[in-house]
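Structure, as structure tokens:
When the chains are written out, they are named A, B and C in that same order, and each has its own residue count from 1.
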């Protein structure tokens, strides 16, 4: 089985290490305890031992590379029988313990400090969509009825593949677009906190499946039954304050993500159609995005794309 | 030593080493923070000595004490959770690697000031003596502590007042990076102890049979004479002092040479010679240890963090 | 009947040694010599060498032994001859006694008492005249008691010995010969509260330990019906009884703190800061302080007197605050 050898963290003050020299090459048999590399930290040059025995499949880092701690630098093939105690930590488990308010505070402070946000707003007509939804839901059994919040998320999910600059992670000065769309939704908790779990691999789901996944996510969030990956692997977030009666929200990007879409209240407002003023359903969509990765022009196109998806509900 | 005892000793040494291995890896993954001092190479000392103790006996140790705590009965779960800084830890996540405590197991730290625990042991032993409690007191410290005033003051008082303490010096030759020969004029540590009119013996700390034999001998003496005893265990730390140590102060050849004297390999060889250890037994033993440590890590990961509202709790009783 | 501060300390100590089965006194010259300040005179004969332990000159060692003994179920009373030598034992006092309970997640209890004399005024020069009690009050995990009266000297120890936490008692060298009435059976005695030694409405004078009698004398000298001065004896420097201080300031609006420690980073600085934080609007005048001059203590008498706040200094300061402004 594959074992990822990572840049070790040797102390709280170590954020990255420079790979000075590999002491192994692809194809080598490595023994536990064998020195595999020499790493330079700000304090010293240290020999790094392997924690496992196995065969070297690939060396991902090159000599001279500066690599963040815990990033994979080599992959070994190890015997299945080598039980990996530390791997138990990777297994899915319920989210536990952490002081939520503190976690939110930390993440948001980091975001505000490090991410140069830009903001866009677009008013979108929902007349077509609301009609379509009414017609559709009449025919569906109660438990399968489509939720407007799920539909809005769905539109985002369908718009994202054309805008890889919106869907991904910015880590250690580098942006990486993600192939999967792990669509995060800010969900308020009963006691006042907020969590942002994600619908994992949302791009693979059909509409009804997506709708069900969203409902399930809300329930599990409020019951505290989320998986760790749902909380850590989101690639784009939607925050919806419409239920609470707010017209618009300019969200703070949830790092390491690079954009967040705000959804305001769906309301009837005066709109102009063909030169006539009449009442129609509208919603204000806002986009906060990371200027290190995209710019306003692209953000505007992305919002327009979402609008387009919402105007053709049958394609959702 | 009978077969069962040898098996127990072997398993205990392997448990200690496995736990340290796991800790080292988890440190590199930022699950464990702060300082982390590993006992790898020195397992025979704590294993031999603590196996000669009973649960009611007192142990005072240093900041390289994960193994001592485990052997004294503190669960691997409580130790690992402590390393993770979780409330399920043996010190509620307040102490970390260097401050493992368990009153229940009469384990009094986990002291990160070199030699500071030695007078505590003298006081604990005096208390047991005065309260007529049937418990021994054992104090572990490194040879570096023998340059500290606290060591000398405690040795003098214990000898002067006939306080029954077993002093266990784990001489791994380096006080962090400073070799014994470079820091102490008298490198014969047994001689150094004897100036306090105290009985002292040298032990091969890589040979658990010798550790046990000399420990028993010292215990008999303490019991009989109601006086302290000093043991110097000659041992070696295979790993760096702590995680961030480039080991510029010693040669790789020296480390490799000592590794050939690995106390675990030594006992295994002896047991194979006696034909009391098979590959199957070893495999089974390791599987059990693996499971124990896996459970410990999972427990630590899932244990809750202490509520920040409790930050000021337990400053005072 | 009047007794001396020394006699009061002695009675308090004797009472504890008799009543607490597992108590013992350990320190330099506490036995055969009778105690440097004669507090344990004849105790060796009365209690024997097990309860009255003459320690070698090993401050780290016997303070650490005291911690161990407390862990093991005894009630040690460690006497460090003077606060000056406590510097040798600071590691044990701070890193172990003060912190161990917290480091162990609340498992460990250290019912340890450390007594020591403190203060200058006897021409003992720089190394024997320090007042470090305010400095030790910086440390969480320690309780700091400073008996300034005969009654406190008589009764504080009993409470300290029965406290599950490490308690440090600072006995001021200049107080040993003061005499006062002493009730053997006090009621409602709480050593951890500050006490108003004299009530007044014009100004709050805060002090403790060796400075308290000087403060009371100064107030006596300038006292008149219009300038009633309230004198607070802190008694316990940690935890600090803020309530008594703040209540008084709400009434008087003027504060003078007299502290024998050096001004920089002193206890007086801490109290002043807390007053600023909590009762700024009650003040009609900036908080004033009289402290030790920032020099190592000189030997010559006139120089030593000039280095420590004296009655005349306190009088002058009070007059300045009361009349000239």
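Note that contacts are C-beta pairs under 8 Å (C-beta built on N, C-alpha and C of every residue); 3 or more make two chains touch, one makes a residue touch a chain.
Everything numeric in this text was worked out from a predicted model, so none of it was measured.
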If you count the C-beta pairs in contact for each pair of chains, which pair comes out on top? B-C
Greatest centre-to-centre gap (Cα means) from chain B is with chain A
Which chain wins if you rank chains by how close their C-alpha centre is to the centre of all protein C-alpha atoms? B
Intercentroid distance (Cα basis), chain B paired with chain A, Å: 45
Separation of chain B from chain C, taking each centre as the mean of its C-alpha atoms, in whole Å: 40
Mind checking the centre-to-centre distance between chain A and chain C? Centres are C-alpha means, answer in whole Å. 60
By residue number and range, which residues of chain B touch two or more other chains? none
Chain C-touching residues of chain B, taken from the complex the two chains share: 58, 60, 89-95, 99, 101-103, 108-111, 113, 116, 118-128, 130-131, 133, 149-150, 152-154, 156-157, 160-161, 313-317
Show me the residue ranges of chain C that touch chain B in the complex, using the header's touch definition. 22, 50, 53, 55-56, 58, 60-74, 76, 91-92, 95-96, 100-109, 140-141, 143, 164-165
Could you please specify the touching residues of chain B with respect to chain A in the complex? 21-22, 24-31, 33-34, 86, 243-248, 287, 290, 293-294, 297-298, 301-305, 307-308
Touching residues of chain A toward chain B in the complex: what are they? 6, 8-12, 14, 41, 43-47, 51, 69-70, 83, 85-86, 88-89, 93, 96-99, 102
